[in-house]
Structures are given as structure tokens and as C-alpha cells.
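You will see two complexes here that share chain A, one where it goes with chain B and one where it goes with chain C.
Here is the complex of A and B:
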């Protein structure tokens, strides 16, 4: 490891590494981020889930931090006071982290148009935390129009101009291509890890994979690559755990982070997760982005043409449900576990559509609503155990 | 100061509106029966209804139908029908009212409403719009065009040249779709004529809204304005619509000159943010009316368009003016800081004494950040502010006793602060 990770004395087994990473993410002072920022000697820019153009941050020489990846387990009085009760937790917790000055490591935050609740967060955040600059990207939704990718490219160029002015440097096309190449490699590593988990869910638990994916929100792309390379080296040391389980496609937790214990509860109850949609910021593209020509146009076109399924991106429902069934077949999933964050409208609309087609296809499925601050899992455990038993016995 | 003051004013404008909307309903019914132009389903926010009229097509606004069902107390069974099919209690109640109706009638949301010939998701502000239209596409198998309008991002709210070019280019893509649906060639002159009629309607609507800045306001710019919104959105761009708003203007101006307001006496002038609780519209209105409180300005009356600050459609540049309207001159596509500025202006220029923030569960676009809005107005601007919560179509979220208690407490606090000011002076 050439990056800063070799200064962190990483654990030498996967469960130990996951526990260590969880400590970084759960640290109320978020001290690792401050330490990394001084080591990187880069300004830090936060980004909101689900997706953000990390390649542009990398090319601009800034340290990108996933504000949705850090844990928030404290009282949320500050965030709660600014949003109604029926708004999801991640909007409130992000503002709460800002108001409580836990995100003081950030110099700016980039928000975008993933949903109506998050959309207003940018204005509230900007008003209350004026010492950080904010920006807001409009991600297009009209993917039938050739104008969409050109428009997104113009949005990216607007962001680049702002970052250039702020960092007092000028991003070149080569900077961007180099950044895309690094993130292509990172996504390739992730695809390999997901392929491994699909084949050996007994050797790579989702609890561990989820921790690693969230850790990427704290690291630069080079350190992310180092972390994943290191983690892959530990896979062979794992001892398989034999138990009755059902192979599940886990969807719905694409934005607000599910609590660690929720993932553990699913797996302990006998759910062997073989694919999921967590950590989409680092997994947004299903194939590599081309490394020639106009890098910004390539990045924008990939967003419009080459993105993984997500509830926050318009796809006709017929195509969306067909893709779900194809995905189940591809990963060999027998059931669908859908966890939707409380009050998450995009996820809840998607569930209604999926429920119809899963019922038609007689595919077992279960819905669990969660909140990132959820702390009691007895009911979830009972529901999931009953679900698993009913699948195994039938 | 509390008195039960019924609002029973019925003028020529009300009779004319009833006739016009009946005509529209009949046109819908004829189209549903196969005798009439195809229907284009579109959304209220910053709607480009002029383009639909220019092709002789029939605009259908499922939001208006959902709210009408809510007013008639018909929404809850439909909401429950949708919930039984997997839609969440946390999904928008307009959407569920509509989807429940689709499950009930299968071909369209009502036997007297035609099925869509085109689902035009004018995605202006509200993300749920295109998610709703995805569901309708699945039910109806009608083609969907998602007209993607970038959200206002800058502090001043001005769109970038790229924003305008993107929307114009999509409008150009939409035109051949409308040509195929209507069987008519695109006629820019026809669109200019429609836009000219819109422009005249907008001028009248702007003057009407400014009437409420006078003392007393001749109408309630929330409750009465809301009832004027159906003709404003359905008939804007038609001569009938323009003539109707001429009637409204003439009548309300005369009432204002005669010192007549919506209540016997205007004791309080308030400004409000958020949609009305349609199932309890009358009760909600009475909770303020009993204190002599009149809403002199509301953001809700600007969801389809904001014309009181000078914007008018420009017939000489039809597509750019449609894009500008959708991008900038409507409340849903403005960011929250712009909405704070808008409310401040309403309070200042319409002489509002207090702000009511009505957070509705169904609409996160309107409501997300309402706590911060209260913080800003109450603490930073020192404006008496009331934050209340319910819903726009789901009656289960409206608690009359609790609502009344909170409104009464707010009104009493307004009286106390007046008394305090009087004592000091």
C-alpha cells in the first residue's frame, strides 16, 4: 500500500478489518476524516447519496467524503427541528451533522436532485452552515432525449468551473481521464468482490461487504483501491459457515444507510444476500467508462446510458420490473428482500411496482421499512425468520 | 374578537366558473365516449398548457381531479384501495387517490374522464410527478414523455443558458408527438395566438392578486385563489379563460372599492405556505375566518405560475417563453431560499402580519424544510409564525380539534403582541 492506509495498522482478518472500518465510520468526532484530510492535504468536499460525479472531485484534486456513509447515532434534535416528522432520516441527520459541527472537516458539499426531501436540504444546509460552499446538480431524467447527456455535461462543466475557481487550478481532459481510469478500476474491484460474494456468500458476508463499501465514502480513490485490494487478499483466509439459508436479492437501501444490526439480523435469520444496491456512488456504472475523447461527455453519457438500476432514476416500470427478474436470474436469487427507508418515496413507489410483478411470478418477497437510527430488531428478526422458514419449507 | 363569520359571497364570477368547468367536464366526458380530441395528462406545476391548446388537444390534470375527490370526501376509499395494492401510507395521497381510481375503473380514473393519449410528465419541481406518471404508463400503456425541467439552483433563481436550451430542445422533441396525437401540423402562429391569450389572462391574474395587497383584501388569496386555479390552468390560453378572468377582475375590483372583503371584517392579514387540506377545506377556512383572519397571499396559488412579479408569456418566442415559465416562474421549481424571499415579499408588500406554514405529508417538495422556514421567519425576521401539519388529500392526517387549538393559540398570540405594541406606543 502506497497511500495513507499503511499508516492505519489494518487488521489481518476480514471480521477484524470490518470492525476497524466500522469504528472509523461510527466515531462521533469523525476523526479519521480530519486525519486523512491533513495527510492528503486536499480540500474536502462532501457529497450526498445516491450518486455524485466522484471523478470530477478526483480530477479537481479534492478529497470527496460521502456524507451519507458516516454514522449518525446521536440525538437528532437539531436536524429534526428543521424538517417535518414525515421526512426521512438521512436528510435530517446530514443537516444535524452539519449543525453540530461534526462535518467541519468539509469545505463544501454537493447536493443533487435525487428526491423532493433531499432537494430542499441544499437550501437549508446552505442557510445554516454558510461557512461551507454548496452546489446542487440537476441529474437529467429524460433519457429518451439525446439532449439529456449534453445537458448533464453542461452541468458537470459548471461544477468544474466552480471547483477550478475554488482550488485555483484548471482541470484538464487528461486529469479527468486519469480520474475515470482510477474509478473504473475501483468499480472493477467492486464487481469482483460482488462476484465472489455471489458465489460464496458463506465466505464473504454482506455485513463485511457493506462495511467496506461504506468505507469508500471516507477515502480517496487510490486508498479505496488499496483497501479493496487488501480486503480481497484476506478472502482466502475465511472459513465457510454452513447453514440453511435462502439466496436473496437485497434492494431498497440505495440511499439512507441501514443500521449495521439490520444487515446482521437479515444474515443471522438465514438470508444469504447475493446482490444488493448499497453504496451506489461507487457502483453506478455497469461497465467501464471509455478512456478516450471528451471525458466529461463520456461521464455524462455513461450516467444516461450505462447506469445500474436505481429508484431515483426514471426507467419505465415495465423495463424496471423486467430488469429485476433478469437480475434475480443472473445472480441466482430465489427471493427478494426489500428494505426501504421510512418515508422514502422513490423506494416506496418502486416497491409497489415490484410487489405486483413478484406476486405475479410467485417469487417470495418481503418488505422491511427501516430508519438509520433504528435500534430494536426483534420484530424484523421474527418477520425474517418466519419468511425464511416459509421459503425453506415450501 | 372571535366570531363565526360565514363566507357566503357568490357573485357572477362563481356562476361563470361553474358553467365553464361544467363545459370542461362535458368535453372530458365526450372525449371519454370517443367523441372529442385525445387527452394529454399533465401536471399543474409550471404547466405548459398552451402547447396542448395549440394542438387542439384536451388537457387533463389528475392532481385537480384528486383534489376535487378530496373536497367531495371521496379520496379516502381510493387511497385505501391503493394501499391495499402495496402503495405506502407514506406515498403522496394525490397519487394514491388517482391510482385507487384507476384500480376501480381500469380504463381511466373515471368513466367520464378519457384515458390518456399522451402522458406528459412536465417534471417541474416535484420528483413524485414522474414516479406517478410511470405508474400511469404501466396502467394505461399510453406513451409517456418526461419533460425534464432543471430545478432552480442558484441563489437568484436565474436559469443558465444550458437550462433554457435543454428545455427548449425537449419541447421541440415533444412537438412531433403532439402532431401525431392531434393529427395537426405544428403552427407557430397558432401557438403565438394561444400565448397572447395566456398573456392577457396572466395580466388579469396578476392584477387580481395585487388587489389582495389593498385594505381590505377583496378575496382570500388562499382559499378563494385555490378555487380560481382550475380555470387558470385548464383554460389559460383560451378566449373563454381570458374573458372569465376579466369578469373576476371587474367583480373583485368593485368589491375592493366598496370596502368589501371575504369576511364581514378583516381583523388579521396573513400569508400562508403549503397546499390546503382539501378534505377539511371548509373547516380549515372557518378556523381562521372565526378570528377575522384573511390570507392576503399564498405560495400555493403560484404553483402553476407566478405572474404577479411581471413575468408574462412572450408570443414572439414561443418555446423559449414556455421554457422560462417552467424553469423560473412558478413556486415548485424555485428553491427554498427563493421561497423564503417570495414569502418575505408577500409579507412586506401585501402587508401580512403573520405567516402560517402548512406542512402536508403528501408533498415533501413543499414541506421538506418547513421547520427551517419557521426558524427563519420567527427568529431571524421576527414574524409571528405558525407551523401546522396535516395532509392535502388524506383525511386521516387532519385532527380538527388539535388544528383548531393550535390556530386559536396563534391568533391569541397575535392579539397579545398587538396589545403589547399598543401598550408600548
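Here is the complex of A and C:
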């Protein structure tokens, strides 16, 4: 462990480590990030969820921070004053963090074309927080077109030129390949953690895994690698908890992060999550990106050809529903828990198609609507328990 | 084999003991008071005395209702949706849709064979769709709650209660009172409002052939008539509808005991939560 984690006294069990990591996430001063930025002498760039080309930031010598991973308290009067009430919470909370100067560790923020609300956020954010530069990446929509990869590569090159000018350096192909190699290793670690939970959901809870995955949004890639390596070393020390449960695939457009208590409510009700859509920024590619040739083209092609399913990435509905069924089979899930943030149009659009195919296949499923600031879980608890009982008592 | 179902509702706590054939051995009810575990213990204690049983004679304790997680001597808990569906199907096997208008919430449950929950919808946080609204209405109108059902049936011109918000609906009721509307018309208007909201929940679940109305509100004949009119469906009301959830919980216990008997390699106490020891003594 060569990075900053080496200087911290980390807990020696997974729940303890998760609690420690959550303190970093909940710290309103973002102390850890300020410390990392100062230590590494790197400018910090925030990225809006769900996916961002983190390899480019790394190659540019920039410290990427997931603005969606930073905890936000329920009051967001500043954010709500700039957006109508029917816009999802993550848009308002991101702006609120900026206006409240809680993102002052950042030098810039990169947004993406994932939905209409996010499109508008970039312009509103730039106008209200002019001291931070912003950029906006347009992702392609039609992956059947051979031009999609070329187009995305050109978008990436534009971003790189902007980062080069800002950092006063010039990224090389080797810089980018080295960054891709680091993120390939990080994704490999995550695949192993997910594989472990799939096999032993009683040993690795989603509450713990979620916390670790979310922490990656605060750390540099090297520190992230250290954290996951350390966490994997603690896996075998867990004591299994015997209980009735149903194996569930947990899906949703998690731009907006589900509250910790929602995850606990799911698990306490008997939902054993064996795969999920959390933290896709660090799990976006199902396989390693090739480490030779044109790195930019490899990154762009991977986005078009090798990305995991996500509500915010345009894929024809038929392909999505087929992929959902294949995924269920692959991970051995018996039920599907669909979680949609309030006012999330991509999530609801996807839900309608999923619900139809799951009903046709007679696969038990349930929809939970959430808000990142929700604090009452009685109804969710009753709904989920009833759902679990309908499966277990069948 | 004796199974005990314990329904800790927000108003009343009910316990019912059945044997493996489903015969009811005893039942007992008391007003729910905090601390809930003490109320649960008192109700079970009274039930056992009534039946001439000791806690050691009971093979399985299943709790339900909003206080289901507070009972330390339970083997398992199920939600009031699961228990209502199981209980309704036990009493009326033709049940395909259960409507439970409880004190705090209204629940529509699509039910499959044996009382399996196929799908369900509950009203969110609005008390206008729940029985507590009727109780407050009775208080405003200075009418005994027990008389509400028959009073409602005598209404000639039910008033409109349009709001979905309990606070605003109560303002509407006050307006009707000041306008001199007969009390029975106001009560019937409240029942109609409840029925229409319940129908909205049921319609999201499909098109059943009948509705089984359970819970204490099913004793109010005016409400039964309004549900029937709103849904344009036969409304089935089991005997003692307020006991359906406790009975359903007890039936789940019998099912679990049967499952453990048939599968000896499985733990004898199957529970969503880690089971508590039966040795826990009632205070």
C-alpha cells in the first residue's frame, strides 16, 4: 500500500472498514479529498454520474472525484431555488453542493448527456459557479453505426485538448494506456468482489460493498486499488449469517445514490443481492480494454461495444430486456428489485419494458421508488417484506 | 400441533390459536398500548389461559401488523398484507382480491391459490384512505364508531368528500356540518370517498371477479355497500373480518411447521429473522 491509505489506521474487519469509509463520504468538509489533492498536487475534477472516462482524467494528471458519491444532507434550498420540483434530486443536490461551496475542492466538473435534467444542470452549474470550469461530453446514441466510436473518440480528443491546455501538459498515447491499465486492474478487483458476493451474499453484504464502491468516487485510482486489495484480504474473516432470503438482481439508474438505510432495509427484509447497478462509473466495461494501439479509439470502442447495461446508455428495449434475462441467469437471481429515483425518466422508461418481460416470464419483481434524501422506510420495509414472503412462502 | 397468530395493529392486538386442521382453539383481543411487547405478552397470556394451554404447548408463534418486529418470543413475522391474504383465503377460498382498510393505511392485494400474494398496492402516507379517517370523522360528528355503519346505510343524499388529503377532507366535513347536512349523509360521503380511493388501488392490480373485504372496517355496512357500488363487484365479507390477519399469521405458522416436518434436513424453525428461543417466558 503506497498511497495515502497507508497513513490511515484502517479497520481490521469489513463492517468496520465500511463504517470508516462512510465517515469519509459523510464528511461535509470533504477533508480526505482536500488532503489527497494537496498530497498529490493534482487539480481535482468532478464528474457527474453515471459514467465518465476516468482514464482520461488519470492520464491528464487530474484527480477525478465523483460528485454523486459525496453525501448530501436533506436540506438543499439553494439547489431547489434553481430547479422545478419535478426534477430528480441528484441534479438539485449537485448544484446545492456547488452553491454551498462544499465542492470547493474541485477545479472543474464534467457533465454528460445522460438525460434532459443532466443536460440542463451543466449550463445552470456553469452560470452559478463560474470559478470552476465545466465541460459537457456528448455520448453517442446509435451503436449500430460504425461512426459511433469515431465520433466518441473525437469527443474524447476534444476533452483531452481542453485538459492539456488547462494542465499545461500534453497527454501521450502511453499515458492513456497506462491509465487504462490501472482502471482495468480496478475493474478486475471489482469483478472479483462481485463474484465473491454472488457466491457468498451471506459473507459480503451489499451494504458493505456499496460503501466500498462509493468510496472509489473519492479516491485516486491508486488509492482505490489499495482499498479494494485491503478489503479483499478481509473477506475470509467474515462470519456467515444464516437466514431465509431470496437471491435478487437489484437494478436501477443510480445517478442518484440510494440511501444507506434503503440498502439495509432491503437486506434486512431477506433480499440477498447477487448483482446490482451501483457504482457503474468504475464497472462500466465487462472486459478489459485492450492495452495496445490507439488508446483513445480503444476507450471509445469499449463504450460502444463493451459496456454493461445501464438505463442512461441508449440501447433498444428488446436488447435490454433480453440482456436482463441473461444477466439473471448468469448471476443466479430468482427475483428482480427495480429501484427508480423519483422523477427519473430513463429509469421509468426502462422499468415499463422490464416489468412486461418479467411478468411474461413469471419472474417475481418489485418496484421501489426512492429519493437520495428519503428518511422514512416503513412502507418500503412492508412492501419488500411482503414481496419476500410471497416468494418464500410459496 | 398448535400455531399462534398475533396481530399487533395500531389500535388492537389480537391473538388466535389454531390446530393443524385450522380449527380455532381460542382468541383474545386487547387495545394496543406501548410498550408493544408487554401488550403482546398480556394478550398471549390471556389467550393461553382461555385455551388451558401453556406457552410450551404452542409450536409456532407468528406475528403480523405494524408491531410484528417487537415480540421477542416470535418464531417468525409476516406483514399484514401476507397475513390478510392467507387469512382471507382460508375463510373464503374463492378470494382473488383482498381489500384491507386498516387504521393507518389501505391495502389492495391480488391473491392466488392458497392465499399467496401475487401483487399488492398500498396507499402512501395519506390517511384519507384509511380507517383512522373514519374514526376522526365520528369524533367530529359526535357519533359512536359502532353506529357509523348502520347510520351510513340510512343516508339519502351522500355528500361529496373530494379531497385526497385527510386534513383538507376534515375541513370539508366541517363545512358540510355548518351547512346543516344530515350526519348520515356526511358519514356515507366519507365511506364513498374511502371506497373510491380503494378502487383506485384495486384497479392497478387487474380485474378481479369479487372483492374480499377484511379488517375491522368491513363491519361497517355503509362502507361495504359503497365498495360494492364503486367496484361494481360482489363484496365478500368473512365472519369476524377483524380476525383475518391474526388467523392468516397462524396459518403461515402451520405451513412452516409442515415444511419443517417434510424437510427434516432443514432447520425446524424457518424464519426470515433468526428465530428466538421458545424458552423466553412471558412476563
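One rule holds for everything that comes next: the second predicted complex is superposed on the first by the 392 of 394 C-alpha atoms of A that agree within 3 Å, B and C clash if a C-alpha of one lies under 4 Å from a C-alpha of the other, contacts with A are read in each partner's own complex, and residues count from 1 in each chain.
The working rule: contacts are C-beta pairs under 8 Å (C-beta built on N, C-alpha and C of every residue); 3 or more make two chains touch, one makes a residue touch a chain.
The structure displayed is predicted, hence computed values, not measured ones.
Judged by the touch definition given at the top, the superposed model places A:147 against chain B, while chain C stays out of reach. Once chain A of one complex is fitted onto chain A of the other, the partner contacts of A:240 are absent, as it touches neither chain B nor chain C. Look at A:355: by the touch rule set out above, it reaches chain B but stays clear of chain C. Using the contact criterion defined above for the overlaid structures, shared-chain residue A:379 touches chain C, although it does not reach chain B. More residues of chain A are touched by B (comparison of chain B with chain C).
Looking at the shared chain after the overlay, A:392 reaches chain C, while chain B stays out of its contact range. Looking at the shared chain after the overlay, A:130 reaches neither chain B nor chain C.
Listed in rising order, the residues of chain B touching chain A in the complex are 85-88, 90-92, 95, 123, 126-128, 130-131, 134-135, 137-138, 144-148, 150-151, 153, 160, 162-163, 165-166, 169-170, 173, 335-337, 359, 361, 363-365, 367-372, 375-376, 389.
Against chain B, the residues of chain A that register as touching in their complex are 80-87, 91, 113-124, 126-128, 135-138, 140-142, 144-145, 147-148, 150-151, 154-155, 158, 312, 314, 316-318, 340, 342-346, 348-349, 351-353, 355-356.
Residue ranges on chain C touching chain A, taken from their complex, read 66, 78-82, 116-118, 120, 122, 124-125, 252, 255, 267, 270-274.
Interface of chain A with chain C (complex): residues 241-244, 269-270, 378-379, 382-383, 385-386, 388-390, 392-394.
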